[in-house]
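The following pair of complexes shares a single chain, chain A, combined with chain B in the former and chain C in the latter.
Moving on, here comes the complex of A and B:
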C-alpha cells in the first residue's frame, strides 16, 4: 500500500489510480478514508454537483453521456458517480451504467465510478458525499451523480446535488401520480427524454400543469421542462443551458451557499450516527449480553424497551 | 461483513455481438453478493483496463466467443502490467480451446472457465483467490 502522503499527492495531481483507491477506502475502510479526507479537507472548493434521477430505463445514463460530452467541449473536467441499488437479499449489485457512457468512457478528462447503494438503514450512504469531496479535491469541475428514482433513499442522495434533473419519458403518463408524489418534488429541471416517441405533447402538457400547480408564490425559479432525445443528442445544448441558468440563480440568490451548508449539517449528523453505530451499537450487538436479551424478549420474560435501556446502560448519559 | 465486498468487472472484448454468457455469469456473481460492473459489448483492451482502474475492482472477468481472440487477452495483460495494476485477479470465459489454456496461463490469466462450468465453481474460485 502507498503511504498516505503519496496518495494525497496523487489525488491532488488527478491520478486516477490514487483517486480510485481512495474511493475504495472511503467505501470499505472508513477510518483510512477519513484519514485522507482530514488531510484534504478545504484544499479546493467543492465541485458543482448535478444529480440526475428518474425511473429505470428512462435514459439517465445516455443523457449523462451526452451532457458530459457537451461539458468536455467547453474544456471542463467531469466525474460521474453512477449509483445502482444493492440487492437486499444477496448484498450484490449490478452496476451497469457504464454501458451507455461509451462516448466519454475513453476520455481522459472524465472519471467514472459505479457504486452500490449498500442499503444503510434509512437515509443515504455517507460514502457518497465523502466521494464527492474527494473528487472535488482531485480537480473535477463538475460532478454528476446518477441514481434510479424509485425509493426514498435515492431521492435523499439527490438532495446533495446543487442542481437536480428529474428525467421522465412520454410513456410515463399513466404513472404520473406516483411520479408527482416523490420525484417531481426534488427536481430543479424536468427532462422529458425519448421525445422521439409518441405522446410527447400529452406528457409535456401534464408536466407544464404540474409545474404551475407546484410553483409557489414569490419563488424566483420556475422549473423548466426540456425535451430531449438523448440517443440522437437532441436537446442537450438547451439542457446544459438550463443547468447553467440554475447554477447562476443559486449563486446570485446566495442559495448555493445555504444549500451546501445544509448538506454539510446533515453529513455531520450522518458521520456522528455512523460513529455511534460502529463504536457503540455494533459491539453491543455482537456481545453475549445482546443475545441473552434477545432470547429473553422472545421468551416474553423481558420487554424490548427495558432491554434497550439496559443494553445502553453506562454508555449513555442518564 | 460489507467490508470485504468483492467488486468484479465483467467485460466483453472483441467485436462479436453476443453477451448472454457474460450476463449469466454476472447474475450469478451478484447473487453471491458481489458488486458487478458490467461494461457491455465491444470493449477495447484500453477501455477494460481503464474501467478496472477507475472502479478499483478486485477481479476482471472477460468472455470471448472464440480462441481467435487470444491477442485481446494479451493486450489486456500487457496494459495491466504497464499501469501497474497487476494485483487484480483475471479470469477468462468462453469457448477457449484446450490447447490455448497453457498460453493464457502464461500470460498471467488466473482462471479459465469454459461454457458449462457451474457458476458456483466460479464464485468459489473468486472468493478464494480475490484479495
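Moving on, here comes the complex of A and C:
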C-alpha cells in the first residue's frame, strides 16, 4: 500500500498508475479521496475543459480520437473522461467503444477514463468534479469530457466545459428537433460530422438557421459550424482552430474566469448535498422507523408526504 | 380561486381542468400539492404504468398515439406523461411533438402532460411520482410515460413503469451498441418500429440475440420483439396484446405488487431528499457564509472539501 505522500508525488509527476489509483479512490472511498485532494488543492490551475456531445452514432469517439492526435502532435497532454450513461447497469458499452481509439490509448501523453453519470446518491456524479481537479494537478493541458448527450445529466456535464462541441450528422434530420432546445444552450461549436454524405447541405442549412435564430444581439461569439469527416481526418485542423478561437474569446471576455467560478460553486453545492444525503437520508433508509413507515404507506394507513415529514422530525434545523 | 374540496371532487370526477390545475400545483407549490395529495391518498389503486422509451426519431410519439387509440376503442381512459429532457432550457421540443397527436389530443378520455426530467433541486423530478398518484385518483386505467431514453434519469423514469416498451428502428444499427446495456435492463417488450424498411431482418436478428444472451435461466418472462409500422397502424394490436400478457405475468407472479412497493419506497426517499435539500442546502446557498467560502475557494486559500464540511457544521446529526 503506497502512502498518501507517494501518491501525491506520483500525480504531480503525471504518472498514469498513480492517477488511475487516485480516481478509483475518489470514486470508491470519498473520505480518502477528499484527503488526497485537500493536499493537492491549488497546486495547479484547472486545465482547459472541452466537452463533446451528440447522439449515438454521430462518430464522437472517432472525432475525439482525431482531435487528441492533433493536440498530441503539438506536444500537448490530454485526458479524456468518457461519461458512460449506462454504468449503473451492465456497463461497458462506452468502454468497449474506447477500444476503437487504439491510436491514442497506447500513447503515454493521453489518459482515458470511463465514469458513470450519477453518484450512488443520485444527482450528478460528484466524482466528476474531483476528477477534473485531479487531472489538472496531474498536468494535462486539455481535459476532454465526452457524453452521449440528450438527458439533463449529460447536458449538465458538458455545461461544465469551457468549450462544448455538439456533434451531429447529415442523417439526423428530424431528430434534430428533439435535441434542438438542449443543444442550442450548451453548444459553442457545432460539428457536422460524416459530412461527405449527400444530405449534408440540408443539415448545414438547418444548423445555420438555428445559429441565426438564437444569436443574441451584441453577443460576440457566433457558433461556427465545422464540417468534418473524422474517419478521414478531414476538418480536424479547422475544428481545433475553432476551439482555440473560442478559448481566446473566453479569455479576452473574462468569461473563462466566470465559468471556472461557476464550476467551483456547483462543486461546493454538490459536495454539501452529497454529505447531507449520506449523513441524514442513508441512516434513515436503514432504520426500523423507515420500514414501519413504508409498511404504513403500503397498507394505505399513512400517506408518503406525512411519513417523510415524520421521518425527518428532529433531524432538520429549527 | 377554487377550494381544496372542489379540486378534490373535480379530480375524483376525472375533470381535466381540475387535473391540470392540480399538476401545476404539484409542480410549483409543493406544500399545497402535498396537502391535496394527502387528502386523496388511498382513494384509488395506482393505475397500470406503461413506459415507452427509445432514441429520438424512432417514432415513439406516433406509436404512443396508436396504442392510445387502440385502448380508447376498448373504452379505457389513458393519461400520457411526456418527459421532456430539455425542459430546463428553452423547452417545448417534446410539447411541439405532441401536436402530431391530433387524433388523441382532442379526445376527452385522454389526458396529456409534458413534464421535466428533474426537479429544481436536482435528482429525478419528484413531481413525477406525485402526478402518477394524482392521475390514478383521477381514474385513468393506463398511465403512459414517454421518454427519450439514454440518460440515467430517463432510465430511472421508465424503470418506474410496470411494463416498459423499448422502441428501436432498423437503421439504429451500430447505435444499438451504446444503448444496449441500459436498454436490456429496463425493457419488457422490444418494439421494432418502421419495420417496413429493408434492413429490418438484420436488426431483428440483433435484438433476438440480445434477448437470448441476457435471458436468465428460470425466468418466466422472455422479452418479445414486436414489429410495428406505427404510421400505418401495423402491429399495434399485437403490441397491446403483449402488454396485456406482461401485465398478466406480473400479476400472477406477485411482481406487480413488488414493483409498486419499490415505487413507494423510492417516492418516500425522494420526498425526504427534496425536504432535506430545501431545508438545509438552500438556506446555506443564500447565506453570507457561503459567499465567503466560495471566495476563499476561488482565492485558493481554502479547498472545497473543507469548506463543505465547515458550512454544514452544526447542521447535521451528531
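Methods note: the second predicted complex is superposed on the first by the 303 of 318 C-alpha atoms of A that agree within 3 Å, B and C clash if a C-alpha of one lies under 4 Å from a C-alpha of the other, contacts with A are read in each partner's own complex, and residues count from 1 in each chain.
Everything below uses one rule, namely that a residue touches a chain if its C-beta (ideal position, glycine included) is under 8 Å from a C-beta of that chain, and two chains touch if they have at least 3 such contacts.
Note that this is a predicted model, so its numbers are computed, not measured.
**Q** After lining up the shared chain so the two structures overlap, which partner does A:139 touch, if you call chain B first and chain C second: first, second, both or neither?
**A** neither
**Q** Please indicate which partner A:14 is in contact with in the superposed arrangement: first for chain B, second for chain C, both, or neither.
**A** neither
**Q** Hey, is it chain B or chain C that touches more of chain A?
**A** After superposing on chain A, more of chain A is contacted by C.
**Q** Which of the two partners, first being chain B and second being chain C, lies in contact with A:41: first, second, both, or neither?
**A** Touch status of A:41: second partner only.
**Q** Figure out whether A:284 sits in contact with chain B (first) or chain C (second), or with both, or with neither.
**A** second
**Q** Could you say whether A:112 touches chain B, chain C, both of them, or neither, answering first, second, both or neither?
**A** first
**Q** Which partner chains sit in contact with A:29 here, chain B, chain C, both or neither? Use first/second/both/neither.
**A** In the superposition, A:29 touches chain B alone.
**Q** What part of chain A is shared between its chain B contacts and its chain C contacts?
**A** 86, 90-94, 96, 116, 118.
**Q** Mind listing the chain A positions that touch chain B in their complex?
**A** 16-17, 20-21, 23-24, 28-29, 86-87, 90-96, 98-99, 102, 105-106, 111-114, 116, 118
**Q** Which positions of chain C touch chain A when the two form their complex?
**A** Residue list for chain C touching chain A: 34, 37-38, 41-42, 55-57, 85-86, 88-94, 96-97, 116-118, 122-124, 148, 150-155, 172-175, 177-182, 184-185, 261, 264-265, 267-269, 271-273, 275-277, 279-281, 283-285, 290, 293-294, 297-298, 300, 303-309, 311-312, 315-317.
**Q** Touching residues of chain B toward chain A in the complex: what are they?
**A** Touch list, chain B to chain A: 2-5, 26-27, 29-40, 44, 46-47, 50-51, 53-56, 83-85.
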